[in-house]
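Each of the next two complexes has chain A plus one more chain, namely chain B in the first and chain C in the second.
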Partner chain A sequence: MARMKFLCDAERCIECNACVTACKNEHEVPWGVNRRRVVTINDGKPGERSLSVACMHCSDAPCMAVCPVDCFFYTEQGVVLHNKDLCIGCGYCFYACPFGAPQYPQVGNFGSRGKMDKCTFCAGGAADAGSDEEFKKYGRNRLAEGKLPLCAEMCSTKALLAGDGDQVSNIYRERVVARGFGSGAWGWSKAYPGGGS
Partner chain B sequence: MTRQTPIKWMGGICLLVVLLVIGSASVQTTAYAQNSPEVLGTDAQTEFWRAIRQGEQGTVSIPDKNAAQLIQSEGDNWRALRNGPLSVYGAQALIGMVLVLAIFFLFRGRIRIDHGWSGWTVQRFNEVERFGHWLLAGSFIILGLTGLNMLYGRYFLKTLIGDSAFATITAWGKIAHNYLAFAFMIALVLVFIMWVRHNFPSRTDINWLIKGGGIIGPSHPPAKKFNLGQKIIFWLVLLCGISISLTGIALLFPFQTTMFADTFALLNVFGFNLPTAVTPIQEMQYAQLWHSIVSVALIVVVIAHIYIGSIGMEGAFAAMGSGRVDLNWAKEHHSLWVEELDAAGTLNAERDSVDRLSKEEAVKDEAVKGEPAE
Partner chain C sequence: MPARSWRTVTFMLCFSIVSAISAHAEDNTLRGHGGPVKSVVISPDGKTALTGSFDYSMIHWRLGEGAPEVVGRIADHDGAVNSVKFVPGTDWAITASDDGTVAVWDLPSGRLVHRFKGHTHKVVHVAVSNDGKWAASAAWDRTARLWDLTNLTAGPLLKGHVNTVNSVVFSRDGKFVYSAGYGGEIRQWRVEDGELERVVYKHGWGINVLAAIGDGRRLLFGALDGTVGVVDLSTGQPGQKLHKFERPVLSLTVSAKNDVAAAGSGDGLIYVWDIDRWLPKYRHQFADGPVWALAISSDAKGMYFGGLDDHVAYWQMDPDRPFEVAQSDVPRRFQKSEGLGPGERQFARKCSICHSLGEDHANRAGPSLIGLFGRKVGTVPGYIYSKTLKNADFVWNEKTIDQLFAEGPEHFVPGSKMPLQKMSKAHERLALIKFLKRATNVAPTDETKSGG
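== the complex of A and B ==
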């Protein structure tokens, strides 16, 4: 069985935020909730790099370990999902998550944050696949439709890869070999002579 | 009960970091690129990725600027502490206290009123005092149970009643916890105002301590309205209660307080070396840890308090029940207090409304009770 993984290639990401927009649109995510975000390191400086991040669907996930109502579960493909009917919006998963993935419709207001929301790897949630209920609570279940996460599908530079871990790393390995390794590599420094500085 | 295998989720990090370390070898190698564009694989940019691994902040274009941190590892320490030592030692302390009390009860039994019921009672706590106490106790018990449910429920209650019933109870418990918190804080203030004057250390406390509070053996060391044991409970409840309330407020209004940064800065004045650059999420992690550590410790203490106030000691519960205690009980446990009342002429003993003794016995005991009321 496939083990789903995300990979973001910092050599390719151009911080266009298409993945973020695609995700918001596909799942009709409310304002203020970002299942995916793009972080830029050294913005505007030499060596600037961007990375698109969302839930990394950890093995032995920290969020799962701390949830007081134990509402997380793995799919057969290693995707970490949660059950919004059980979630009490305590915020603990956000404290535990290394990647800041869990999101809440509201922060503050007497500790009431609403049900946690996060990236589902486009695999829906604890409801019948493809049902209205599933779409309202968790967004589209593209995996059930035989499609991969839209963020990666959309990515114009194919910086963001999503899918079976073995295939993702194969693609990546091939890519590294083809473009060379290090400062002479095909990519950034070719497109911007002088290394972009 | 604990999951301490950070190695595994690091698989997630590994994908983000390790693979990218290999692939991103040209990051920030602008100097190299300029000088010798043909050189391959000269620099793996470990510094760049190490910084990210250690919590480097980038920039984001979304409004939530805290999202600019790619990896926060403190969450893993928090998880390890909460699911590890906090849960394990907390459970051991709670169960341990119940066991100790059970064993004590088996050997020592109920502490009786040595001279038996006198049939006469004196007022120990008035209505306001009892209201304050029960507001504190009632809110404490519900806060404690709902809080412990947050910490341990998924291991016990959930397996008994099923996922959705447990989630419903926990969600209501959280709401109860959030709102009863204010009853607890008000009660804490009330109790402080009412009783602080009885709880300053005094000379009799030393003697009381030496005699071990009279717990073992028949002797009853003299005490005023509150003995040393009660004074210790008072101050523990007060100080821990304040600490729990403050961290609780930090949890109620997430990401809005800088309590731990401020506390650490204050402690540093006294020679500590604590971090003062505390991110909002670390504030929450510290607040959650301290809130539950102090709560569990206080619950352990209060279990002993509840024991001694109920099944542990004959005649004690009436003090907070009807507010009136048996005169013999008062003389045995709080002799100096009875003397004070007697001297002030405010003893006002009345016949016990519960008819424990026959009329003759009660009359015979007139000598015991001193000057009756009226």
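== the complex of A and C ==
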């Protein structure tokens, strides 16, 4: 079984935000929630780099460790999903995620706890694959349709890679060899300790 | 990390020792909350403590000989209480809540002194200046705010963080306030006018917690990447990285005498350092979840810590008695899923964190469900209801409970304290209702029937 992983090659990301737009559109993510975002460091200065960041679907996900109601789970492909029926919107996972993945919509009366929302690796969620319920709660289940996450599929420079960890790792390794350097796989060692290049 | 410097290395391996909990350790456990505890502070004289919890309440404790006593419980927030502090020079306490407010309380009377409004998202941390004149709050609306505690008016808005603000601390002289958050920067603001003085330090990874060291020259920070570091305020340089946890740092504390500091992490590790030389002093592995709240006892010999449990545990550090820490009941009531019927499982996983089935509310965020069927909404004695439920006019029965979870509380009873909780599957709602009918089957009293 493939182990799904993301990798963003900072040497290739051009900050076009197509991945962000694709994600919003594909999953009809509500206003105020960004499952994916592009972060630019040293903006306008030498050494400027951009990165597309979302849930990295960590091998040993820290969000799981702090969730009071154990709403997170792994799929067989290593995707970290959560059950919105169980989530109590406490916000604890935000303090645990190095990638700022958990998002909390402002809903209902002030102070009410909205269900956490995050990137699903386009793998749906805790509902029947392809059902209306799944789409409404979690977004489209592209993996069940045999497709990869749309953010990576859309990436014109192929900075953002998604798929089986071994293949993603091989692609990146080939790039590093070809260009002679490779410092751009930000977050890879944090998300997949011992499991990446 | 030199092994010889550890005075204690604790592992949760020996359950037979764990079970031999001494009366001493039990005596210091703070039992009274009805949900995970997010904040604990000890008064400067060491005689009292405050705790804030997911159960929407703050508890004021009396410490000393024997078991801690609850002096008062204040449950007048509409959301979790994330942070609590004493106000120096007064009998006041201050709380920051998920409901977006910062509230000042008179501890002897339990009376609300003032509720500061202005944040537009959950308020996650509050700090008070050493002279007790100012409070500062950190919120997920990407701002920090100052509050004038003398005139009980809003002070300057500290705007500039590009993401959530997680923590605030005052400088020793009260002239500046420091803030940090997911953006990974520590910012220094002038209290006088709220102007940004400078960005003190950029860590890169998000910063969860800040703590001031009493000399006024250094700040401690704890970050998402597991770093605990000390920042020299004169240079803005990280003078020392104390430790790199495997998991994010969730809590920090400094002792009253400024001689000991401690940090707690997402995987339950607590590290304690001697501030003079920044040598590690103690280490404790709490096996049952994250450490959200930490406070060192006034004699610096013990540590109070809270996490996902209803209680705040006490670990005696000196002399070390690590196995005497009160144990968690794992899996906790809201984590159970094995061996339960479908309705009971729904209740355990979705309801029990906020509701009890017992005769009392068990200090949980919501009222007890005992006698639920046939009870007029908003009428359980002793529970502080929202205006919505106080004014609502219907009775809880199979139909209304089904509606509640089919539509969601935000539609069925908009304005109530109940968080979003829908059950879209009819068979799940039916199972829950069946279980609740059985588990809450106590005839309502005349008082609740008539709306008392």
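To be clear about the criterion, the second predicted complex is superposed on the first by the 175 of 197 C-alpha atoms of A that agree within 3 Å, B and C clash if a C-alpha of one lies under 4 Å from a C-alpha of the other, contacts with A are read in each partner's own complex, and residues count from 1 in each chain.
One rule holds for everything that comes next: a residue touches a chain if its C-beta (ideal position, glycine included) is under 8 Å from a C-beta of that chain, and two chains touch if they have at least 3 such contacts.
Only a predicted model underlies this, so the values are computations on that prediction, with no experimental measurement involved.
Asks: With both complexes overlaid on chain A, does A:Leu51 touch chain B (first), chain C (second), both or neither?
Replies: First partner only, chain B.
Asks: Look at A:Lys115 in the shared chain and tell me whether it touches chain B only, chain C only, both, or neither; answer first, second, both or neither.
Replies: second
Asks: Considering only touches as defined above, state whether A:Glu133 meets chain B (first), chain C (second), both or neither.
Replies: second
Asks: In the superposed arrangement, does A:Pro68 touch chain B (first), chain C (second), both or neither?
Replies: Touch status of A:Pro68: both partners.
Asks: Which of the two partners, first being chain B and second being chain C, lies in contact with A:Cys8: first, second, both, or neither?
Replies: first
Asks: Applying the document's definition of touch, where does A:Thr40 land relative to chain B and chain C: first, second, both, or neither?
Replies: first
Asks: Which partner, chain B or chain C, is in contact with more residues of chain A?
Replies: Tallying touched residues of chain A, the top partner is B.
Asks: If I apply the document's touch criterion, which positions on chain A are contacted by chain B in one structure and by chain C in the other?
Replies: The answer is residues 62, 65-66, 68-70, 85-86, 88, 90-92, 94-98, 100, 107-108, 110-113 of chain A.
Asks: Sort out for me which residues of chain A touch chain B in the complex.
Replies: 5-11, 17, 20, 32, 34, 37-43, 46-47, 49, 51, 53, 56-62, 65-71, 83, 85-88, 90-92, 94-100, 107-108, 110-113, 165, 169, 172, 175-176, 180-185, 187-189, 194-197
Asks: Help me check something: in the complex, which residues belonging to chain A touch chain C?
Replies: It comes out as residues 62, 65-66, 68-70, 85-86, 88-92, 94-98, 100, 104, 106-115, 133, 190.
Asks: Under the definition above, what is the set of chain B residues touching chain A in their complex?
Replies: Listed in rising order, the residues of chain B that touch chain A are 3, 5, 8-9, 11-13, 15-16, 19-20, 22-30, 32-34, 36-43, 48, 52, 56, 58-64, 66-73, 75-76, 78-79, 82-83, 149-151, 153-154, 158, 163-164, 166-167, 170-171, 174, 178, 251-256, 281, 284-285, 288.
Asks: Which of the residues in chain C come into contact with chain A in the complex?
Replies: Interface residues on the chain C side: 36, 54, 78-80, 97-100, 121-122, 124, 140, 163-164, 166, 182, 205-206, 208, 224-225, 247-248, 250, 266-267, 289-290, 292, 308, 332, 334-335, 337, 349-350, 353, 409-410, 414-424.
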